[in-house]
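A, B, C and D label the chains in the order they appear, each numbered from 1.
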Amino acid sequence: MSDATNVKDLLIRVCVGTGGLAAGSQEVIDEFGRQLGDRGIEAEIVKKCVNKTGCRGFCAKDVLVDIIIGGKSETYQLISTDKVGRIVEEHILKGEPVKEWLVGPEYHSFHDRQTKILLKQCGHIDPEDIQAYLAIGGYEGAKKALSGKPAAVIDEIKSSGLRGRGGAGFPTGLKWEICSKAEGHPKYIICNADEGDPGAFMDRSVIEGNPHSVIEGMIIAGYAIGASYGYVYIRAEYPLAIHRLKIAISDARSRGFLGKNISGSGFDFDIRIKEGAGAFICGEETALIASIEGKRGMPRAKPPFPAHKGLWGKPTVINNVETLANLPAIITNGGKWYASIGTEKSKGTKVFALTGRIKNTGLIEVPMGISLKEIIYDIGGGCEKNRKFKAVQTGGPSGGCIPASHIDMPVDYESLMGVGSMMGSGGMVVMDETTCMVDMSKFFLSFTQSESCGKCVPCRVGTKRMLEILTRITEGKGKEGDIELLLELGTNIKATSLCGLGMSAPNPVLSTVRFFREEYEAHIREGICPASVCKALRRYVVNVEMCKMCGKCFKACPSGAITWEKKKPASIDKGKCIKCGACYEACPFSAIT
Amino acid sequence: MSDNKIKITINGTETLCNREDTILKAAKRAGVHIPTLCNDERLEPYGGCRLCIVEVKGVARPLTACTTPVAENMEVVTESDTIRKMRAHVIELLLSNHPNDCMRCEKTGDCALQNLSYEYGVDGSRYEGEKWDLPIREDNPFITYEPNKCILCGRCTRICNEVVMAGTIELTGRGFNSMPDTAFRKPRTLENCEFCGQCVSTCPTGALTDRKGRGKGRSYEMKKVKTTCSYCGTGCNFYLNVKDNKVVKVTSAYEAPVNQGNLCIKGRYGYDFIHHPDRIKTPLIRKGDKFVEASWDEALELVADKFNELIKKYGREKVGGFSSSRCTNEENYLLSKWVRCAIGSNNVDNCARV
Amino acid sequence: MTEKNEQILDKYDREKGSVISILQDVQEAYGYIPEDAVFWFSERLNIPASSFFGVTTFYAQFYLKPRGKNIITACCGTACHVKGSAGIINRVREELKIPAGETTSTDGKFTVETIACVGACSIAPVFIGNKKVFGKMTLEKASEMLKELDKG
Amino acid sequence: MPDIDTLFLFGSNPTEGHPIVSHWLKKALRKGAKLVVGDPRKTWMARRADVWLNLKPGSNIAMMNGLVNVILQNGWENKEFIAKRTEGFEEIREKVKEYDLDRVEKLTGVSKENIIEAARLYSHAEKAMIVYGLGVTEHRTGTENAMAIANLALVCGQLGRPSTGIMALRGQNNVQGASDLGPLPATLPGYQSVADDKGREKFEKAWGVKISPKPGLKSVEMLDECRRGNFKGIFILGEDPAQTDPDLKHVWGALEAVEFLVVQDIFHTETTKFAHVILPGASFAEKDGTFTNGERRVQRVRKAIEPLSGMAEWQVLSRLSTLMGYPMNYNHPSEIMDEIASLVPIYGGISYDRLDNGGIQWPCPTKDHPGTTTLYTDLFSRPGGLAKFIALDHSGSGEVPDEQYPYVLITGRVREHYNNGSMTKRSAGINDVVPEELLEINPADAKQLNINHGEYVKVSSRRGEIKVKAKVTDRSQAGNVFLTFHHREALSNILTSGFRDPITGTPEYKSCAVRIEK
């Protein structure tokens, strides 16, 4: 027992995000509790956020555990209950960290190039404890804002140069100003947490990791535009985020940050949560409003803009999670401070979800204007298996593919637009030579097509037709002229669609045709998928030199396309082959290519 | 100019319009035609069909005229090569999911989609791909629904909910598979439908048609006679569609001040009585407890003599007449004149109070 | 039925724009959106049943038919088909007594759905039971899978 | 109309009776107008009302007096309007004092809270409109009911401005025109009294006959005289009193008694059964003419097909008249309208050539007059131009329920059918969706009488009985039942009472006592 006293203010941090929990972090916590309990050691175990790449973008290496003794911190990766015992014995008791389980150098490089404002607290505070948030100066921004005039808040945000993080990048301060001047009462502030892009989870991470920052942001925004009511429209697919938001809201209410006369300012404001019901289109502001009103989430034409006629026909501002979460810091540190980060037109930082064929997949926060190269190589560590980087898709289904040739371009709103992509909500999918660009754009198109609300003709029918053409190309049934037809469809859909979804749906196709036209042509003319992704265009042949005549392929083939006799190399009948790859998998000597 | 009027330019010509006008309304005032499919003046602007797109100086992408409010000194171009190409493309997409069976379609000659296809010279043939193949729905006596011909303009569902507030139909499903339908796709009955046929009256294609009128003749074969409804006291106008001296259908008179083309089940579907076999076609004279047919001369002479006789025998005060608020003004006037002049009493009354 | 509905109705107390929230609660309460529940609320709120139906069919989250406790997804890709997935699917449906044209067993324990190729042809025929992948499926293994899933 | 702040719908069920008018009201509701509905039945509008005044049949005056009283008690009246535009206010102020909330609650069965809220919504609205219908006029106190409504509007000054005023929804397509153009015993066309020498002389001159200054008999009186054998000959033009009049057995007796009865109609009706000569009528599709709708708009009826019988009514009447020795020579109905214009000032400016687009609302005195949209905007149609309050008392229905006949029968229309059904019942489809008469009865009552939905029941009153299917629905409140009068197989007017409004002679269709048995 005596050595227990040697452990000076021990702090243990364990990941309990969606991903962390899946990796068994709760069990790890319990195990630590048990083991330390047995030894009568006092320790504070902090559950930290957030999700599979949340806290430090490394939940790929979950369960991550920080052991902090007397302020000195060591981080372990891939921890499971069976490893806890040894950590307690050697590290906590004897003070000798278990070297082979500690995180490696890439873990640090991953962070050094980032600039964290939003994610700063993610992973350091307990998202379910308002005390923790207050301890790091939480709600100071709101208090400061409420002590001044709404107009002052708007000016502050204008001076910060903050632009909407939802994708289009409309100046936030300007949006507020229009709404604050608009006729009508009551006014509403809506937090758009309907993060639907495949491969994007920034907003979820922020809410799961630091929900109060969003609430504080809404208070500030609400005060600025004179809203008395706020809604958070959040995907039902985010149960953990919803759970933590609910806790945060009721805590904030009990502390008087929500409700009547907020911290003596005379400002009344409250927030309620509206859960989405599974429709990507509800990320579009007018559709989102329709959905909150309990209707089919179909967008309407703008003008009039929500700032004039929004929820229930009243002036409404809709900001996305990231935008709102930025506000407390901006108010506390001043617009000038924020404007000092980033480029001339794009200020501050942006959170990206770095995924795809890249080593360090993760959630990153970088200053605007950082080059793609830095993100992909310095932070992302380059493509996995050191394959050749081919392109990166930003902006999700609304964005486009940026080829390797543009790798030095800065990441900001205008530059991305310039190459036919967009900032979007912040998805960044990295692709290497094993990615088929036609297949890629087919994937995104099939997504947008299935999420089209059906109101306007170009999106409803147009995307359907584009998808049909892409599908036949990837099935080797492409025709001369298909590419031109895709381009014609794409440009017209962009030009004539009612809402953002339709206007941007063709981007993945248009940008890939622009930069990778030869891949399309290969599919159509030679009937080849260069990346050999499109099943129908694969060709399986037996490499006679390498074939050891074992017959495993023969047994594996579901369609009887393989002929083989003992001591004779196998051969594949193209006619019968259904290109399922069973033989390829089955061959122990990779003689099938 | 009054402060409610503002100046805008359409196709290079300055014109005055109301501040609250949309570009479409302003253009209509100025006599400029802009094609539309989802627009119906009885309904809120929708902006779904995208055909009314126009160029507005200073705006990068084309705007829909039906939803965009006018602004002082706005410069609008309603026809240009780009605009026409885009419209043609939209029509083409619509036709790519349309049966295109015009030769046997009830709506031929009166179909907005057919006319646009003609005007813009396009069909959907460039796109092979999925087409709707849904069965025709004739689950009620009045309204035939051919989903395959629906272009999702939403006019039927909007008029049902915005104007009639019957809530019979609503858009269902999503994207390529959305279509107007009843709750749980049940047949239309009085439980869920008023059978006012408003949806039919606004449908621009052959998707919704009057079942009773189907196959009775093409729109252009009909003599259309505008008249006033003979049921309740609202005074709705509509067109009697006549072919071969038979009333085969009633269609809306959108310009009517009282009802703007709106009708109820009686006005739109209550016309068959006109040619019903029960109609009395010749005068009938009672012989005992039977009625026998008679010529007009025979009958009228009998009536005249009989009334004169009664007057002689009992005096004018013992004879009179009822007229009806179902009859025309002229008939009512005439009856009161007849009683007062031919009979010579004031014993004339009508059911106007009922 | 009525009692459950009354509770939901009270919760929203006729506040405007509550159609989606009500449907979410209804699905929570019944596991799907029952027709008569829709008509029940329509009657009380003077909101057309068609509006409820329009919303229900717009959002992916809502189901118009009850789904089973266990969800089985059968791959219908070419490989699986060639290896006789159809036969196995039929057997599974028989064992679960799933009525023709339906996807869910009458006891509501299982829902059997089919999807296009899951891209695991090498282990065809492929079934996915409650997210777990079952490869190289045979009639025997199918029954085992059902037992396993039933146990949960 | 859509700019109304508060819509007060009283004794009218427009979604059934006037579907297209109801579109306007619905538009107002969608724009956020508050809705007050006074109706014993839970109609479509009542279900959606902010306040539903579910008053007992026959308690209209008590209801209105109660509302006025609440308004005066709270000082919600429009004092300026009362001072400038009305007279007789003191009188009514005293009268309504007798109608305190307790008494009104007892008389009408409407809760105090609802009465107060209704009064508040109507009086506080900037623009409030009252729309009433046959639920007001088809009582023996019909005229007084209407006056009581006028009192309410006057007290609040909800008159004479756009989106205010009182609108009466009238039953039939040409109710307005028929009363305008004089088949009335006491007035000549254009409401010109036969007693008024100047007016009478004008017509005597134009028509070349002498007209008695003594009013003739009302239809009811003619029928009564018939039954007594004192009335000998009647020409009935397009009317079916033997189905649509109340207390039918009474009517039938009269029609049997008359010595010579001529009926002109397009179908055989209950009435033609009694005729000595039946003349074929022409449907509205077979002739030219005009109808005048509820908003006094004169509109064209246009000939679409030849009369099936060869002649339209105007031709028949002309020939008959000529045969009787009074020549009438018209080549076209337009000539009749020109004659009307020359004799009837309110139609003075109306001629067919002006009616081609949209029609004209009278008064339209001259050829260049555009017609008149809102009436009474400046001056009220009484000498002196002041509106007069009229103090009224509750007297209730002529027949009230008792042990023997415990239920109140309300009769009215359904959307699908029209009056005696002679037209709608012969229109394909309509008769399929609504094939027969249904007695609307409240679930509670049905339970008590253990009547199931769809069962046949016997409905009887002091005047007779009919068999109909029961429709169990909460549209009818306990104690009230509802029937239409569209179906010859179930003549609901056998049951209705003979009470009538003494001034207009309108029957009390809206309330009589009945018994219901399985």
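As a working rule, contacts are C-beta pairs under 8 Å (C-beta built on N, C-alpha and C of every residue); 3 or more make two chains touch, one makes a residue touch a chain.
The structure displayed is predicted, hence computed values, not measured ones.
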| item | value |
| --- | --- |
| Topological distance between chain A and chain C, in contact steps | 1 |
| Centre-most chain, if every chain is reduced to its averaged C-alpha atoms | B |
| Contact pairs, highest-scoring chain pair | B-D |
| CA centroid of chain A to CA centroid of chain D, Å | 68 |
| Distance from the mean Cα position of chain D to that of chain B, given in whole angstrom | 28 |
| Whole-Å separation of chain centres (CA-atom averages), chain B against chain C | 44 |
| Computed distance of Cα centres, chain D from chain C, in Å | 56 |
| Per-residue multi-chain contacts in chain B, two or more chains | 171, 173-174, 178 |
| Where chain C touches two or more other chains at once, by residue number | 51, 54, 58 |
| Shared interface positions of chain A, touching two or more other chains | 279, 296, 298, 453 |
| Those chain pairs that satisfy the touch definition | A-B, A-C, B-C, B-D |
| Parts of chain B lying in touch with chain D, wherever the complex brings them together | 140-142, 162-165, 189-190, 194-196, 211-212, 223, 225-237, 240, 242, 245-247, 255-259, 262-267, 269-274, 276, 278-286, 291, 296, 299-304, 306-308, 310-311, 313-314, 317-354 |
| Residues of chain B that touch chain C when the two form their complex | 161, 166-174, 178, 181-184, 192 |
| Touching residues on chain C, where the partner in the complex is chain B | 35, 38-39, 42, 47-54, 57-58, 64 |
| Touching residues on chain A, where the partner in the complex is chain B | 279, 296, 298, 300-301, 303-304, 449-458, 460-462, 464-465, 468, 485, 488, 492, 495-498, 503 |
| In the complex with chain C, residue positions of chain A that touch it | 236, 274-279, 291-298, 312, 453, 535, 556, 558-559, 578, 580-582, 584-586 |
